[in-house]
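Several structures are given next for inspection.
Here chain A shows up in two complexes: once beside chain B, once beside chain C.
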Partner chain A sequence: MDKITVSKPKKFKRNLIVLTILFLIVGSAWFAGFNVIEVMINLNKGSRLLGRMFFPPDLSYLPNIVDPMIETIRMAIVGTFIGATLALPVAVLVANNFIKSKLLHGPLRIILNIFRTIPALVLASLFVAVFGTGPFSGVVALSIFTFGLVSKLTYETIEAIDYGQVEALMSLGANKMNILRYAIMPQILPQYMSYTLYGFEVNIRAAAVLGYVGAGGIGQTFEFNLAWRNFDRVGTIIIFSFFIVLIIDLISSSIRKRLV
Partner chain B sequence: MIEFKNVSKTYDNGVKALKNINLAINEGEFVAIIGLSGAGKSTLLRLINKLIESTNGEVIFDGNSVTTATGRDLINIRRQIGMIFQGFNIVKRMSVLSNVLSGRVAYNPTWKTILGLFPEEDKQIAYRALKRVDILEKVHNRASDLSGGQQQRVAIARALAQEPKIMLADEPVASLDPITTVQVMDYLKKINVEDGITTIANLHHVDLALKYATRVVGIKEGKLVYDVQMADISKEKFYTDLELVYGRPIHRDEVLGDE
Partner chain C sequence: MENISVKKEINYLHIALRTFYYIVVFGLIFWGFKGIEYKGIMQSASGSINALIRGFLNPDMAYATNNTIDGLPYAILETIAIAISGTFVSAIISIPFALLASQNIVGPKVSKVGKLIVTMIRTFPELILALIFISVVGPGAPAGILALGIHSIGMLAKLFSESIESMDLGVKEALESCGGNYFEVLFRAVLPQVSPELMSYTLYRFEINMRAASTLGLVGAGGIGAPLIFAIRTRSWSRAGVIIIVLVITVTIIDQISGRIRKRIV
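Right, the complex of A and B next:
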């Protein structure tokens, strides 16, 4: 039988890409002053610090951090609620299949993208400067961040709906409001609620850190104890926050699974 | 009832979907529109309730111009025109009842329909419509839980709830099996005969046109090439005529479910 020979696949291009990526990684590590010896020294320092935080943590401090934790959760709830509520009507306005006006969509989308890309922490420091320290600044920051996130995800969902249902409502004489109520909302509401819960999960984490810039919640307690080098209390705060975030994530994601 | 006067439609991409259509459809007729894929059948149907706008000419419904109607006038025309689709297009995440009641939105103030408040008489209209298509027992089911044939019947009930003067059907049975096809077509025919609702249906199967329609209109490359009252023509003549619409003779054995 004849032996079949095929040409070898050309690997040159692939090799070039691998080399380029490797070069970029090594190059940026060098540029950032990444140094293995220094890592080893710091690792040692770090493990000593970990020892003082967690072996053992100061559990008697637990009652003192319940209130700040509740404040953190409240900030996340209120921020998520305000942001997500504002996001729904704006998402409807921005979606290109409900109102067909590029003049309206362009500027609104740019604003949404800006809101979404600024980290909540940056927003919070901004609002602390404007409104002063405390949870109010944190809530405003979280609202804006949630607004950007949920409105973007929601308008993309609106643009992907089954347009046949919209046409059917149009054909029987429905006006815009009725089309919204009877063709668009039923299709997007489960996703919208799921995005809102997702926003809440993100916000719980963000809210825990916001105190660091003075925007209220558990972060403020954390920052205070770190400054006073109460590392065993810091350990308690970290453990407690970890469990709270974990529980909320579990509940929230199990609801989300059922929604969609 | 419906009149096309010199109607042409050119889509934005330059496709001339319809060319100079002149057609008058009378009250009570059951018109089948046949033609190859892309001939312009859906375009013709969608011009009647202005889901798309004509480029030239005028469409008249019940003495009123559809072409120039906007706002409240257009809504008043549309609510008298039922339409069903190949993909059913009922709202899957709502109950059967909400779907059928949505056929009444154009008869009620918007603030009420938004809150889902419909008067008792509208609910009675919805129940009667569901009963017409023998699916009243599913009234509280979620629409997505129904089979394709049942969904199409809900779509017919929604259209019936409009108390329409005409019914448009864009390939109403193209995604249904043969048994369900006959069921759905029988309902459309019953409504046409008993209520006198003028019916215009795009059909892909000429045997369905033969069985149900009182009149067959053929479209070829955007032009009206065939128009016949079925009472005036023999079955054999009809089959030989199909060459005018499809561009080549159609043999009897090419036709599905010939009875």
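Right, the complex of A and C next:
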């Protein structure tokens, strides 16, 4: 029997890519001063802090953090609602198959992109400087963040809809509003709801740390206790918010699974 | 031609349930709005907004062109370095976690435990991880790398395990039937098949980590975050403006490059 030989693909290009990636990884580790050995040696310091936080946590502090946690959840709900509500009309405007105008899409997309690029924490610290400390700044930051996230996901969904229904309506002489109402909306609404819930999950996590820059919620309590080095209370806050986030995630993702 | 009439079935239980859902959702939203205070916001805001806009229009160019360790280019490079190293660390650690969470590799029982561990990691905020790692390696970029490296496992291992679970099992079975041992199956059947998707997810996570790395500096874990928060707290808007503008441009460029590579990989 003849030997079957499989010709190997050209190695040069592949090697070049691998070398570039290696160079990037090693270079950035060197630039950032990352040293695995040093980490290994100092690992016990971390366990000491973890011990002070979690073994045992100060559970008697639990009643004090229920109110900030509720404020966090409220912030996330309001931020998600405002952001997602604004996102739907904008997503329709930005999608390139509903209104075909490059003049409109270009600038809007750039603005949306900028909103998504600035991290929620940076937005929050900006608004804290403008509106003062408190949950309002956090809500504004979360709204903008959710708006950027949900509108992008939604307009991508609009662009990917089944065009048959749109054409069917067009051939019957429907106008733009009718097409939007009867062909586009029914197709994207479940996805849009799912993205909104996803935004809510992200927002709960973001809202929990926003207080770190003074934007209300449990993060403020967290930062305060950390500054006073009450590590056992910090441990309680981490455990409590961890469970709240986990529960909300589970509820929200089970709803999302049923939606889509 | 006869008219076609479609009779709509009215299901009262369905309507009742739907009304109930609407009431719950809007009740929650109303409850949320009720708890947020809006008092005393607008008096000082207009002045601050004016100052902020003026600062953004006159960015601090001296800071942007300062090539020493205190300048903006260094801080941005450090942020990118943290994002790359953190993503790399987490991509490596994610593979065993992903295998542990994949039903077709370890069986349903173990995979449930693996999935739970991955979910728990995902829920743990990276800012708190950064604080913990600062106590390990001291303030600076390495703490940020470790925080991103651990936190990203939560997402990467989940995505990795999903692509492992949806892969074609034929190759794996073929190797097993030839007597390949566990590691041979892993390295010659499982990983080669899913590696394009793995790389694509890793790049996607790198995009996210770029944003995360820019906030880690808030707690002292290196990168652009520390100078940014300092500029905002001291209300030096021209400096905050230049940092945010450069950050947005950098992140956008990296998004574009990474997105293009991702399109070519898959």
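As a working rule, the second predicted complex is superposed on the first by the 233 of 260 C-alpha atoms of A that agree within 3 Å, B and C clash if a C-alpha of one lies under 4 Å from a C-alpha of the other, contacts with A are read in each partner's own complex, and residues count from 1 in each chain.
Everything that follows uses one rule, which is that a residue touches a chain if its C-beta (ideal position, glycine included) is under 8 Å from a C-beta of that chain, and two chains touch if they have at least 3 such contacts.
Please read these numbers as outputs of a predicted model, since none were measured by experiment.
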Chain B versus chain C as contact partner of A:Val66, first or second or both or neither: neither
Which of chain B and chain C A:Arg181 touches, first, second, both or neither: first
Partner chain in contact with A:Ile99 - chain B first, chain C second, else both or neither: neither
Partner chain(s) touched by A:Leu24 [first = chain B, second = chain C, both, neither]: second
In the superposition, chain B vs chain C on chain A residues touched: C
Contacts of A:Gly173 with chain B and chain C, given as first, second, both or neither: first
Which of chain B and chain C A:Gly164 touches, first, second, both or neither: first
For the chain A and chain B complex, residues of the former touching the latter: 162, 164-165, 167-175, 177-178, 181-183, 186-187, 189-190
List of chain C residues in touch with chain A within their complex: 28-29, 31-38, 40-41, 44-45, 48-49, 52, 77-78, 80-82, 84-85, 88, 119-120, 123-125, 127-128, 131-133, 135-137, 140-142, 144-146, 211-212, 214-215, 218-219, 222, 225, 228-229, 232-233, 235, 240, 244, 247-248, 251-252, 255
Chain A - residues contacting chain C, complex: 24-25, 27-29, 31-35, 38-39, 42-43, 45-46, 48-50, 70-71, 73-78, 81, 113-114, 117-119, 121-122, 125-126, 129-132, 134-136, 139, 205, 208-209, 212-213, 226, 238, 242, 245-246, 249
Interface residues, chain B side, partner chain A - complex: 49, 51, 74-79, 81-83, 85, 87, 89-94, 98, 102-103, 105-106, 110, 113-114, 155, 158-159, 162, 168
